[in-house]
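Each of the two complexes below includes chain A, the first together with chain B, the second together with chain C.
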Partner chain A sequence: MSTARPPSTLSAARTVLYKELTLERRAPQTLTAMALFCASAFVIFHFALARNEVEGALAAGVLWVTLTLAALLGIGRSFVADREEGGLDGFLLAPAPRISLLFAKAAALLIFLLIIGFFAALLFSVMLLGPTPDGAQWASLALLILLADLGIALVGTLVAGIAIQTRARDLITSILALPLLIPLLIAVTKASEPLLSVGGGTLAWRWLALLGLYDLIFGLLAYALFDYLIED
Partner chain B sequence: MTNTEPAVVCSGLVRSYGERRALDGIDLTLEQGQTLVVFGPNGAGKTTLLRVLSTLLRPSAGDASVLGSDLRKEGWKVRSQIGFLGHQSLCFGDLTARENLRYHAKLHGIENAAARVEAVLEQAGLSGRGDERVFGYSRGMLQRLAICRAVLHQPQVLLLDEPRSNLDPAAIEQVEPLIGAASGRTRVVASHDPAGGLAEADLVLGLRNGAAVLLERAAQATTEQIRELYR
Partner chain C sequence: MSTTKNLYGRRLPGYAIATAVVLTAAIGLAFFFAPIEADQGFSQKIFYIHVPLAIVTLGGFIFGGIFGIKYLRSGESRDDLRSYTAIHQGVIFCIGALITGCIWAKASWGQWWVWDEPTLVSFLIIFLLYTTYQPLRFSIEDPERQARYAAVFAVVAGVFVPVNFIAVRLAAPLIHPRVFSNSGDSLPGDMRIAFYTALIGTALLFITICKYEMSSKHSRAQLAALRRSIGGESDEPNAARRAAPRVAVR
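Presenting the complex of A and B:
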């Protein structure tokens, strides 16, 4: 006869994360949609701005608006299987700590966002970006993508957790997520601007610090609220 | 230490959806090892009662406990002791049956999960197709898989919403040791089959518009009384 002991937060989070990644590997809908969106957006910007190349503030704006909107696709899909196939009920029926779902969902979303972030940055540099960043600037941009994606993943999971309990979940995701992401979007765009300028520049550390603070605040907020959001 | 508390106790249990009371002051006590069969027309509150007892829904008023644990305060304790079978399998279509069951086994912290998964798949007659993705399963196979999921952690109390739906006679016989009286577990079963339900019941609850209009020992209840609920 097998015995059971409620899993730890880490163990339950690992289990859910593995499931999330397996589902995406089997049917890569989220990553495909996000990648196609980014490529399409860059083409649209190319014609809408009537420019072959962009740099500085405009380049940062184009890149991060595209990534933020692509992230909304990922956020919107993060609980789809749970909603349509009863996965959330399946999780809630287990004696696993509720917070493990936040960690797993945010980690899965972060992984998807990082893949898309780096893909989009490379694509952007080929399709639209005027200046060619050097190694240090690429490293700084990678750090910005990591910090911004962490914030988007936390806010996105929190918002998706709220939305899944409502009937207007598809609307709620965009309506709630975008305003909450505005400070992040401002900070990451300002921080990216010198890296994408002609002549190059260095990372603006105060904007980087603001990004870190944003991640911390929303991390704590998600940790405090998530249990209540997913319970009836 | 053996828990001698009643398996299920409801006292003035109410669950509302907005203004509408889906459960309206249910009082009942079910002893361990007994089977409660819940009858009632569509929308009477059967599924809501099962979802409240499973901790998926919170009571709006009144009290409810499972094996002595209050559903509001000790939901985490209740969850390892109940097995819930609802209208959905709660399994992911893009995972195989084995992967789904291993996922649930890990969330329940089952030690020796692989062996337990194999055992329930074998009992449900699914071991030969356990490596197929679930989206290709027939409704009957999906129901058998859902039964495997519900009993995987060997819960003491089973909450079963029309457990034999979509199953052919052979499959019903096959899953009987898992969810039938032979399982030896306390069971709360929602059913639309007056004769079959009455035959397996120790206690009968009839719901209409969320209210208990019939609560009898099975020996005292008749199929006519149950059919009356649907008129």
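Presenting the complex of A and C:
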């Protein structure tokens, strides 16, 4: 009789990620809610600010506040199905490395955030953005969305892992994630500002460096601490 | 029946007396020994309260994170209690630092809140994060899980503090009165003596209050254990739902 070998971290993470994406494909909930939220938020900003077009710091603020709040919806849903349907218990019973759950959840959240990020940026350019960014500015904005979404996905998975075991899950997710995301928001809005200004501008490298530092620090933290969140 | 000696209260009277003596000396030095600052006048005296409060707050949060790491490694409930107390008192001292910062801003620039002041803004963000510590603990019933999740929070928040300072400082121009540089060289000698005395006094106050809180919680747990042992009921209302750690009485 042959003994089955436990799956590697990468293999287990790939399986859980595939499960997450399949669930979302079969019964779209998170992506639909996030996309609708972004569209509604832009309409609200149009009326609240009483402007047809925004640019510069205001445009950066509107875009990233919308994306951050939309991300909270995704973060809040991250572990809900696993907790309510017993998926978390099933995972803990499997001989898979526990850290693979962090990789899978963070990767799934990152994919959702990237889809919503690019969708929201395009929608924003059609609905509210005054200046028209050129190809280089779109490329810079894409890089910013990638780095910011990576940070949001890492912090979001950590926060979702903490909040899932609490009674007030939705409240804890919001009040814990928002202050933690403030340094990331400072960097990404400051970096986006020249890209969304009339006359255009270039990306400031110090903000990219800060985003990279944020992603690195919280990535390492999540890696070091995630095991303690799913001990039982 | 056995009760343990309350180790958290050890040397508490000594700390309390030292705190009273050093803080009284600090007040005397700040108001009667240190000279009046030329630019800001008498209002600069709040510096001897605000800056020590801010430094001790950060120290409290860092110790909260260190004891959080210790708890995750050892699982000892006393490390959870120490982490909880350091963060709990840190939040209270942080409120003090924010209020004195607002008063200083009003005296210096005529406004209660100044967004261009990176240190004050950083403290507000840190305060917003650490105020979620109590709701987080309160929303987890199982004591062991509550302690473990609170320790994870303490470590994450402890690492967040310097990242936040870097981000806010990069984003805002520096307008805070720099009466005290990183090296301390810009502070005249008389002011420096008063400042360091105030800093030591505030640190002693923090330690005394922390020890008092831990001692009080331990005594209460001992009393509850004694009541249970003689067949009475615990005086702890709704003991399953509370943010404070359960103190182990052996």
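One rule holds for everything that comes next: the second predicted complex is superposed on the first by the 229 of 232 C-alpha atoms of A that agree within 3 Å, B and C clash if a C-alpha of one lies under 4 Å from a C-alpha of the other, contacts with A are read in each partner's own complex, and residues count from 1 in each chain.
We adopt the following convention: contacts are C-beta pairs under 8 Å (C-beta built on N, C-alpha and C of every residue); 3 or more make two chains touch, one makes a residue touch a chain.
Being a predicted model, the structure only gives us computed values, none of them experimental.
Enquirer: Just checking: does A:Leu210 make contact with chain B only, chain C only, both, or neither of them? Give me first, second, both or neither.
Expert: second
Enquirer: Thinking of the overlay built on chain A, is A:Leu221 touched by chain B (first), by chain C (second), by both, or by neither?
Expert: second
Enquirer: Is A:Ser40 touching anything from chain B or chain C once the two structures are fitted on A? First, second, both or neither.
Expert: neither
Enquirer: Quick check on the superposed pair: does A:Ala94 touch chain B, chain C, both, or neither? Answer first, second, both or neither.
Expert: The first partner, chain B, only.
Enquirer: May I ask you to decide whether A:Glu231 touches chain B, chain C, both, or neither, giving the answer as first, second, both or neither?
Expert: both
Enquirer: Have a look at where A:Thr202 lands relative to chain B and chain C in the superposition and call it first, second, both or neither.
Expert: In the superposition, A:Thr202 contacts neither chain B nor chain C.
Enquirer: Just to be sure I read the superposition right, which of the two partners does A:Pro6 touch: chain B = first, chain C = second, or both, or neither?
Expert: Touch status of A:Pro6: first partner only.
Enquirer: Name the contact category of A:Thr32: first (chain B only), second (chain C only), both, or neither.
Expert: neither
Enquirer: Can you give me the overlap between the chain B contact set and the chain C contact set on chain A?
Expert: Shared contact residues on chain A: 231-232.
Enquirer: Help me check something: in the complex, which residues belonging to chain C touch chain A?
Expert: 72, 125-126, 128-129, 132, 135-136, 139-141, 145, 148-149, 151-153, 155-156, 159-160, 163-164, 166-168, 170-171
Enquirer: Which of the residues in chain B end up touching chain A in this complex?
Expert: Residues 54-58, 76-77, 79-80, 82, 84, 86, 88-95, 99, 103-104, 106-113, 115-116, 133, 149, 153-154 of chain B touch chain A in their complex.
Enquirer: Which residues of chain A touch chain C once you look at their complex with the stated criterion?
Expert: Residues 158, 162, 165-168, 171-172, 175-176, 178-180, 182-184, 186-187, 190, 206-207, 210, 213-214, 217, 221, 225, 228-229, 231-232.
Enquirer: Going by the contact rule at the top, pick out the chain A residues touching chain B in the complex.
Expert: 1-7, 11-12, 15-16, 19, 22-23, 26-27, 81, 85-87, 89-96, 231-232
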